[in-house]
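You will see two complexes here that share chain A, one where it goes with chain B and one where it goes with chain C.
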Partner chain A sequence: MLLYILKRIFESIPVLFAVLIFTFVFMKAAPGGPFSSEKTASPEVIKKLNERYNLDAPIVEQFFDYLKKVLQFDFGPSFKYVDRSVNEIIGAGLPVSLELGLYAIIFAMLLGISSGVFAAIRKNTWLDYLPMSFSMLGICVPSFLLGPALVLVFAIYFEIFPVSGWDDWTHKILPAITLGAGYAAYLARLSRAGMLDILNQDYIRTAKAKGVSNSKVILKHALKGGLLPVISFLGPAMAGLLAGSFVTETIFQIPGIGRFYVQGAFNRDYTLIMGTTILFSALLIFFNLLSDILLISLNPRLSFKGDKQ
Partner chain B sequence: MSLQENISEIAEEEIGTSLWKDAWIRLQNNKMALIGFFVLIVMIVLAIIAPLIAPYSYEAQNLPLGPTPPSWKNWMGTDTFGRDLFTRVLYGGRISLAVGFVATAVSLGIGIAYGTISGFIGGKLDSVMMRIVDILYSLPFILFVIMLMVLFGRNFYLMFLAIGAVEWLTMARIVRGQVLTLRKQEFIEACYSLGLSNKRIITKHLVPNILGPVIVYTTLTIPSVMLLEAFLSFLGLGIQPPMSSWGLLISSGVDTMEEFPWLLIFPGLALAITLFSLNFLGDGLRDALDPKAAKD
Partner chain C sequence: MNLYKPSKLSTIILFVFALSIVSCSKKNNSSKTNDGILKIGNGSEPSSLDPHVATGVPEHNILLALFEGLITPDPKTLKPTPGMAQSWTVSKNLSVYTFKIRDDAKWSNEDPVTAFDFEYSWKRILTPALASEYSYMLYPIKNAEAYHKGKITSFDMVGAKALDAKTFKVILKGPTPYFLKMLAHYSTWPVHKPTIEKYGQFDDRANPWTRVGRMVNNGPFVLKEWSINKVLSVIPNPKYWNKNSVKLLGINFYPIDQGQTEERLFRSGKLHITSTVPNHKIKTYQDKKPDLIKIDPYLGNYFYRFNVNKKPFNDVRVRRALTLSIDRKSIIDNILKGGQLPALSIVPPNLSGYQSPKSFTENVMEAKKLLSEAGYPDGKNFPVTEILYNTNDSHKAVAVAIQQMWKKNLGINITLNNQEWKVYLDTTSRLDYQLSRGGWIGDYPDPNTFLDMWTSNSGINNTGWGNKKYDSLIAKAAVSSSASSRLKILQQAEAILIEELPILPIYFYTRIYLKAPTLKGWEPNILDNHPYQNVSLRNIKVKGSETTTN
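Presenting the complex of A and B:
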């Protein structure tokens, strides 16, 4: 097990390196620079700026300079937010985004898994049809439609929650639902399919034949196997949460890392874009590894050698 | 050679018709899928003939008129520039659907080619190619799409390419899995013993047989591609005004939703209904063509 984890961590190093090279080349190949929008700046000022950010050195030298810094977890100064380093921006934004993501995932798991499990147990009754229709709705209504709709109803007409911002708990409910709804829908469908699969297995019938009560069969025997697809979905779901956080943070004006990224992209803030891209890639690899480890430890039929069959 | 061709063609035809007929009958029993299919056809036809039926110009502004609620003259009302919303939703559908279909076609092309080669040749090449797919899976692709759109201008065609390049991974996996199982079956062995070339086996015998799952997955890719386009346009990185796409209309509708909610409601409905029908059709096709596949 430890060997497997080490192997996976080792494997991710070249991947992150490739991401770094890719983003770096991208930035250099792109037309226009971070200072090209400041039309009033005199040539001397631009020269000074280029010197400050080491932009007139040969590209190879720039790359190795940057690589050295990244290895020390220093993503350099931001191009647009003068006086702030990328590290500071990430340090301010990431906790907010993680908090939002956590609430969204908790909401999605509570709603999604419970409705999926109930739908599987009461198959072909209204307890099945109703949540499943809602889950179709959750998949088809994108977050940038759901978010404004929620604001319109709960913040503007009923005035229960604030329209935007990020302060106390009232600010966090609508964004968490907006971000989590799509996942709740997927999780409901996944856990329903997984549970149906397990409930038809022989060992469940055996347990029932032995007179084990219905609730005990489900809680002790079926849930563990039935929720395996859910766990394998959670790793990749982090990627989607990330993308979703761009939209949700934009709608609700939450000072998270997703909003900084979108603004950084608009402003051609090279260092900020590269820093966040590398950070996101690392996070994603980490969560994928976490869900794989969880999957293996829950399912003895999977081997440790890394092949998932 | 002519006899061999005859034999293979007869065999193909028999398998083909029965499979498709079967699937069609099963699809007809699925009401939601049929409704989805019908709605989708209507949407596509409306998008194609938009220039003919649109009552107004999509970009001509009428500032004195300003935003008006839905009426007999403007079925969906007008936006803040006095433009007819119905016209803009029609034209937006053109772009949203075009992005959906073209980008899906791009991902289809890459995915089928990649998956077939990987599965058919097998061995070391296969494991290297699939390792690459695994690695690409673990990257935050949305960031690369955003980067691409920002750095190289908000180019319409670039968006097709960028989205298509992101969505091919799953397709490659599905195709490879299918090819792997098919490769070991008797009819492929028969092809070999008849002395057919690799190219002919792939194009004439492998690819037609993997069409079922590919069609199913394609129907499910189109909505996710359309969502991605809407997502980019919402962030201001996709289609640029005065052109319109559903994502863009929703984005500008959100800005004014307090005063003029219809500007958000109608484009939102158009997008949601289309996504609904595509998803229902995809689910129905999966049940019809691929009864063994897991229903997640």
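Presenting the complex of A and C:
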């Protein structure tokens, strides 16, 4: 298994490198720069700024200078937030986004998997139709609609939760639901399909025939196999939750990294764009690896190739 | 079926959980009452708290709490009143100012604020390597521009000199009647030398001296917390010379970039003042809560640039025809709905003492006549023309309305093109457009801030238009020693702009915001400048008794 993990990590290096090059090229190709503004500064000022941030060097040199720094985990200074480094901004925002993502995925799993499993067991009854219709709705309703609607009902009308912010646990419920709802819906459909597939398998029928109680069949035998598609979905979902948290973070005024990811692009904050893109790519790779490892250890039909050698 | 059991159980658990949430948070919900902290919706995360590096409105709002310049503006009239300078004298030719620094002027670490601090600060912002985007604010000072552009290297030649710890002498290159008002801008405010040099280079814009626990400042408040994208809090500065005037117990600035989020926070009592109001909510507030929404005149204009290098806008008759044939009032009443003023001139009204010259009136018949004289009768043969604007719903709505008006009134076809902000800036500055939306917020309350940007060597002209007479009038106004003749010269300059119309004026901005009734002393003024010393929060208690905090 260790060999497998090492191999996967090794494979991810060229991927990350490609991401770095493409982002760098596209970023530089985009019109406008970090210092273009409505109040155009004098050419002297722009020249000094370009000198200050090494933007007057040839582009290839700029790239390799940047690469050298990144290899030392230094993402450089932010252009927009003048006295902050990108490391500092990521350090402040990433834990918040991770926390939000974690709550959202917990919510999504609790709601999605339980309703999906019930729907599969009670196939073609109201216990199936109702959650499945809801899940269709959950997939369709975008978070920029769901978020404000939740706020309107639970924060402004009933005054149960705060409108926005990120302090105690009451601040975290509505954002977690907003961010997690779409994933809950997806998970419900996935786990329903997975469970249905398993429930029709011979070994389940055998277990039932042997007189094993219904709940035991579900919990002990069916769940393990039925949830495999869910696990393979969770890896990319977790990375997607982080990168896609921009809307939720904006609605609820959450100081996460998602907002910087988008603002960075708008501000042409070159170092911030690079830093956050590399970070999200690395996270995506990491979570995919994690879900693959889980998948292999749960599914006897798969194995770590590295182990056989 | 035993399968149902867990579901029942979980229902009960959920119910109990929900109940506990309700009961908990009801207790917590006490923030609507007054804790003496002013809570401001402040647009976006500040890019910097260094007055010599920062640019932007959110930055201004925060710096106003932390620093103080030689003067402070009167909150109603913006008239300069004593700040760090307790008094000043002006020479007869209006070119030499001598400021007396007050004896009780102190930094937050108890060091005295001296004239040397001002000399140091002005030298810093004019140092080329700092690359401050607001250095040009100091250009009226003798040799300041030359120093900033590296033409001279000795700061002794610049007209800003501390004669002793209490006397600061400023020599201008010509009489600049708005010089004192300009001192209300943060680019002229002082910084604390030992602090700057403790945490980095004097001329390094990324010098991190402005963090909590490091910053030494001289304004009414000091920095307490700065959490990125969350909140920036300040508390009263016990060393501030005029600390008795400060009534607030603190200010929280929230970087909220979405108007809708801001409005929801305001509605739940978590903000006292917002930075904007979503367009579609303006009417609702005006109808249902007119005491909460404020619309103040604001020193800014909204216009379309003509690219005068390209056909058909190289012909002034076409520019005039297009200018005369839009119904500004209809745009304001039906789209913007924020009490903006139709712009029939370049300089906004309400600038003390200045009167724009006689201008045009909207007239479709005359517009048709002009267009036909230019060779496009009833819009025939008029090339397909594009309006460029940066992606924004309001800009789009205005452009669509104008597109329809020109189609109906002149028979010409206009297409619309939106670009992301930085792309739009790039396209406009390369003059790769036909018509391009623009806007300008004045840096200081004087017509010059709206006029000197249209000189032929200005970096923000971006129309291809230039007029030697115009350039010379602007230059002449800058050195005119009589206030009234100066305004006359500027009037002549504006008359040229109105005659030639390199831009199409559309409306003058208003500042639209939500304000809690408990907030007092927030006086409307055209610069949206609200010194916090004058602001207080009143308790409105259920029994009807009102108290002021502190």
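Going forward, the second predicted complex is superposed on the first by the 299 of 309 C-alpha atoms of A that agree within 3 Å, B and C clash if a C-alpha of one lies under 4 Å from a C-alpha of the other, contacts with A are read in each partner's own complex, and residues count from 1 in each chain.
Methods note: a residue touches a chain if its C-beta (ideal position, glycine included) is under 8 Å from a C-beta of that chain, and two chains touch if they have at least 3 such contacts.
It should be emphasised that the depicted structure is a prediction, and the values quoted were computed from it without experimental measurement.
After superposition on chain A, the partners chain B and chain C collide with one another. Using the contact criterion defined above for the overlaid structures, shared-chain residue A:P229 touches chain B, although it does not reach chain C. Looking at the shared chain after the overlay, A:R84 reaches chain C, while chain B stays out of its contact range. In the superposition on chain A, A:P148 makes contact with both chain B and chain C.
Shared-chain residue A:I251: touches chain B and chain C both. Using the contact criterion defined above for the overlaid structures, shared-chain residue A:L242 touches chain B, although it does not reach chain C.
Looking at the shared chain after the overlay, A:S215 reaches chain C, while chain B stays out of its contact range. Touch criterion met: A:F266 reaches chain B and chain C at once.
With both structures placed on the common chain, the touch criterion links A:I139 to chain B but leaves chain C unconnected. By the touch criterion defined above, A:T277 lies against chain B but remains apart from chain C after alignment on the C-alpha atoms of chain A.
Of 76-84, 310-318, 328-336 or 346-354, the segment of chain C whose C-alpha atoms clash with chain B in the superposed model is 328-336.
Once the two complexes are overlaid on chain A, the chain A residues touched by chain B in the first and by chain C in the second are 30-31, 148, 151-152, 156, 250-251, 266, 268. Note for the complex: chain B touches chain A at residues 135, 137-144, 146-148, 150-153, 223, 227, 230-231, 234-237, 247, 250-251, 253-254, 257-258, 261, 264, 268, 271-272, 275-276, 279-280, 294-296. Of all residues in chain C, only 1-3, 7, 10, 21-22, 24-26, 28-29, 44-45, 47-48, 50, 53, 55, 128-133, 135-136, 148-150, 205-211, 227-230, 254, 256-258, 260-261, 264-265, 267-268, 270, 420-423, 425-427, 429, 438-440, 459-460 touch chain A in the complex they form. Taken in their complex, chain A has these residues touching chain B: 12, 15, 18-19, 22-23, 26-27, 29-31, 136, 139-142, 144-145, 148-149, 151-152, 156, 189-190, 193, 197, 229, 236, 239, 242-243, 246-247, 250-251, 261-262, 265-266, 268, 273, 276-277, 280-281, 284-285, 288. In the complex of the two chains, the chain A residues touching chain C come out as 30-33, 36-45, 48-49, 52, 77, 80-84, 89, 92-93, 114, 118, 121, 148, 151-152, 155-156, 158-166, 170, 173, 213-215, 218, 250-253, 255-256, 259-260, 263, 266-268.
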